[in-house]
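Think of it as A, B, C and D in the order they're written, each chain with its own count starting at 1.
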Amino acid sequence: MKDRLIPLGEAIAEHVRHGDSLVMGASLEPDIPFAATHEIIRQAKRDLDIVAPISDASSDMMIGAGCVAQITGAWCGNVSGGLGHNYRRAFEHGMPRSIKVNDHSNFSLGMALMAGAHGMPYAAMRSILGSDILRSNPAFRITENPFSAEAEPIVLVPPLIPDVAILSVQRADRYGNSHHWGNCGLMQEAALAAQRVILLADEIVDAAVIASDPGRVLFPGYLVTAVCHVPAACHPSPMTGCWRRDNAFFHDYHRQSRGREDFLAWLDEWVLGVPDHAAYRAKLGQQLDDLRIMGDAPSVAANYAAE
Amino acid sequence: MPFSTQELMIVAAAREIRDEEIVFVGMRLPITAYGVARLTHAPNAVGLFECGIARYVPAEGMLYTMADPPNQLGAAWTTGLIQIMGQLQRGRVDAGFIGGAEIDRLGNINTSYIGGFADPRVKLPGSGGAADIAAMAKRLIAIMNHERHRLVEKVDYVTSPGYLDGGTSRRDAGLSGGPAAVVTDRAILRPHGPDNELYLASVHPGHSIDEIREHTGWDLKLMPDIGETPPPTTRELAALHIIDKDGFWR
Amino acid sequence: MKDRLIPLGEAIAEHVRHGDSLVMGASLEPDIPFAATHEIIRQAKRDLDIVAPISDASSDMMIGAGCVAQITGAWCGNVSGGLGHNYRRAFEHGMPRSIKVNDHSNFSLGMALMAGAHGMPYAAMRSILGSDILRSNPAFRITENPFSAEAEPIVLVPPLIPDVAILSVQRADRYGNSHHWGNCGLMQEAALAAQRVILLADEIVDAAVIASDPGRVLFPGYLVTAVCHVPAACHPSPMTGCWRRDNAFFHDYHRQSRGREDFLAWLDEWVLGVPDHAAYRAKLGQQLDDLRIMGDAPSVAANYAAE
Amino acid sequence: MPFSTQELMIVAAAREIRDEEIVFVGMRLPITAYGVARLTHAPNAVGLFECGIARYVPAEGMLYTMADPPNQLGAAWTTGLIQIMGQLQRGRVDAGFIGGAEIDRLGNINTSYIGGFADPRVKLPGSGGAADIAAMAKRLIAIMNHERHRLVEKVDYVTSPGYLDGGTSRRDAGLSGGPAAVVTDRAILRPHGPDNELYLASVHPGHSIDEIREHTGWDLKLMPDIGETPPPTTRELAALHIIDKDGFWR
């Protein structure tokens, strides 16, 4: 196994390119790799296509910082606050630049990543029939089900193969093998579909810990391009067993991103003026410590013994 | 026993869930309604969350999002979006709850673009899973604030299909199911007639038909069996107070 | 949650009907619910369509006992011995009855069950292009990829919705919630696709054990029709952490099923002359005890604490 | 150092695996070849098993099937068939090994019907994952016993596509990749020329070209650079003896 552990700054510098399509998280509300969001903004990556079922404040920040050309997703806003102010400014007023939105539903985006993950030419589905998503996003095709005796409209969803999937997990070894638990949204599909995977691990553990439970592995280590050790990379989003959600932080962001000037001040304070995620954690201080999950609700063991 | 408007809405929504049903519950009012239903008439209902969670017992502890740690602990299943939402398309989901910025006379819901998608005035967050739930659940229950600019003649953009253009148009589009109820802060609307137009079915206590029609953006017709929404029973309110420990909805 | 724990004989009597399409296991070589195979033979179920990527001795026994009208699968034989003698006798000589084979590859069968699981009108794939499977099984369609600029042939696979999936797991509670670990083949797809699920649990545990680890759940308990407590239901196939493979038993079966008369004697000895699986286990005696995995290689815990 | 024919075949197969490759290894000879490759020139190869297993280090302990408990313990990933085989169709799998009852001049393999499917003389077990591996792996390595009735002019039924009818027929069918080597107990054959016909590429020590042609069911042509299969090196045999503790292949 190859040692893939490198600093986050290096991983973003080497493996995220201008114009890349990028999955940031993909488990919807939890495990959003905000640490990578910040680093992408600091490194001024440009023209990104953000692929996400739910695109929370992470996307809104990158849009406001001018990194994003397109959102390919089902929902973009701020789960705590509702609308995403940068998203609206970019879409409605082209500020700081105009963005294109490729409308999806959660399930159509899931089907697209699933098709990409398994090399399917496309996914056939029914779920967004009747929706104007089929009109505003020309990527879909409506056709008849060839297996149906009666006329039956169906939707064909082309596959998505993101350039990079950036995913946060509770623990990984330095070779890219990892455990994730709690809901996983489209993490598996994103990892299997993407050209490159950057893994942010809350904890780096011995390879034996991961190998003790190959059933807890969501995607294999050999598909991982880089592993980065970033505790609380998900802040302010939650991570099962590790971090509670910092709802106040989301609300503050929502309030301070309402105006462009205030957003830029927020960005200076929390991203551009902070050299790296260690400094971000230090800046949060007690606020972060208070979010750390201290309880213990362990899974009952599975026995993998062979003899 | 006194109750708030939101408590009435929650109880009215809870009554839409039948025992042993599989339900997409979402956040806020619906997840609370699900808890009330389980504690009263639907002890074997199952709640699904599109992020990849199925639960029997509602979470203990405050949830800001459906994926917060209390919703993971003790879940029936933590898995992926495809596994959960696939059940919708497989036809296993009995009911789904969604909200929306706009709903129209035929139950179509817009959460995407105000002013049409070509040149919109306002960009809303989009579908999330709402389009899927509206298309694929056997019954859709929408929860809205009852305002004239929200209950409109025709939405600018159909994010989540209701009965589309009425008549057979929903079936022609390849869909069964459709909106079964719209629970607002003033009333409950239900589909009626060949077009499945939303009619006034039930008036919340303290509200009048005239007032409700005034706050509806189309010429709201009345169900033949229109009635008053029964106030929450003692048992329903007791269940709600177990779920809503902190009195958030009171 | 509803109590779903009933005896295996009752579960098969109530939930498996003549003519049903039936998934028996679906994780390929391990966890094959042979206990249910025996019960199906004892209850003389007829005209079954056995849906399986790999159809091991379990299918061969049911074919020899005259229960099977069709095999919908990718491989049918005896993993230890090679050819399945009853399968060949039925297919080549109509003995004890003729059977139809609906040819698949492992992946095309996987795609068919996946499409069934998620309500997809069909699955589009490339994986069996060039194979005569496309000629011998008329269920598939070859068409052009509508998303490709150049002519690109693809295969459309219609969904499979089995009537019943019979699945073996290490542990379950009486309400149908369960944990499975080790490779899972198409178990999840089969459970999500099927109309009814019969679960054979090696151990019945308290609901709290399953609830301690919702990420180890392969399919949700509310989709399970009946739970049966059958230790070593998988014998002679293996089950991770519980039972090693009884290779000698497979070989004996292979040898004794070579001739029709010998097979009928084998069937009398091991199935028809044995009232139930408890008696089968007792008959195996020390041979079964020797297969029990006694070692302990526990998974490192995942913490689900919320506070 | 002495070696058996099967040991030579295993070593020859191991040499087909390159470092860092993702390989479908299957059972018997190939899984042993994978172990030898990892211990010699390919320490970063990954082995996939279609039942739903990925491994770095080969299993310790006797395996009768790929899903036996020793192959689960310490795996890199235990998952489902779709997740593993999907990587094939996604184009990530470099090489796959399969066996077969019959292979023809153009590398097509039959494991389904002897005598054609309409009225077969013999019903073989079928594809399993072989059709998928043959269609989707970048390189296919077939392992066969070299007998005249197994290496035939044209198979009755193409379970696993080789170069089909030669020329552009494999590409026309929508496939890339194809057989890269056929390792037998007498020789190694490789595709050559515009039809990708299987030519004699390497003769195992102790065998002759005439004998090999006699045991081949078509007019076997010779590669321009035909040579002798190098016997296992000391290092390769040592690795093999670490994997094959009990001397099963000796």
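We take it that a contact is a pair of C-beta atoms (placed from the backbone, for glycine too) under 8 Å apart; a residue touches a chain by one contact, two chains touch by 3 or more.
Keep in mind the model is a prediction, meaning the values are calculated, not measured.
**Student:** Return the chains common to the contact lists of chain B and chain D.
**Tutor:** Touching chain B and chain D alike, sorted by label: A, C.
**Student:** Minimal path length between chain A and chain D through chains that touch?
**Tutor:** Steps on the shortest route: 1.
**Student:** Using the average of all C-alpha atoms in each chain as its centre, how far is it in Å between chain A and chain C?
**Tutor:** 36
**Student:** Calculate how many whole Å lie between the centre of chain C and the centre of chain D, each centre taken as the average of the chain's C-alpha atoms.
**Tutor:** Centres of chain C and chain D (C-alpha means) sit 28 Å apart.
**Student:** How far is the middle of chain B from the middle of chain C, if each middle is the mean of its Cα atoms, in Å?
**Tutor:** Distance between chain centres, rounded to whole Å: 39 Å.
**Student:** Where in chain C do residues touch two or more other chains at once?
**Tutor:** 111, 119-120, 125-126, 152, 154, 181-182, 188, 215, 240-241, 244, 293, 297, 304-307 - these are the residues of chain C that touch more than one other chain.
**Student:** Do you know which chain D residues sit against two or more other chains?
**Tutor:** Residues 53, 68-69, 72-73, 78-79, 82, 86, 88-89, 136 of chain D each touch two or more of the other chains.
**Student:** Graph shape for the chains shown, where an edge means the two chains touch. Line, ring, star, complete, or other?
**Tutor:** other
**Student:** Can you give me every chain pair that touches, using the contact definition above?
**Tutor:** Pairs of chains that touch one another: A-B, A-C, A-D, B-C, C-D.
**Student:** Write out the stretch or stretches of chain C touching chain B in their complex.
**Tutor:** 1-2, 116-120, 177, 188, 192-193, 211, 214-215, 217, 219-223, 304-307
**Student:** List the residues on chain A that touch chain B in their complex, please.
**Tutor:** 27-30, 53-54, 73-77, 79-80, 82-84, 87-88, 91-92, 101, 103-108, 110-111, 114, 125-133, 135-136, 152-154, 181-189, 238, 240-241, 244-245, 247, 250, 293, 297
**Student:** Quick one: in the complex, what on chain C touches chain A?
**Tutor:** Against chain A, chain C makes touches at 111, 115, 119-126, 141, 143, 145-148, 152, 154, 156, 158, 170, 179, 181-182, 209, 212-213, 215-216, 240-242, 244, 293-307.
**Student:** Could you pull out which chain B residues touch chain A in their complex?
**Tutor:** My answer: residues 49-53, 64-69, 72-73, 78-82, 85-86, 88-89, 112-113, 117, 120-132, 134-136, 157-161, 164, 170, 173-175.
**Student:** What residues of chain B sit close enough to touch chain C in their complex?
**Tutor:** On the chain B side, the touching residues are 22, 44, 46, 53-54, 56, 61, 68-70, 72-79, 82-83, 85-92, 136.
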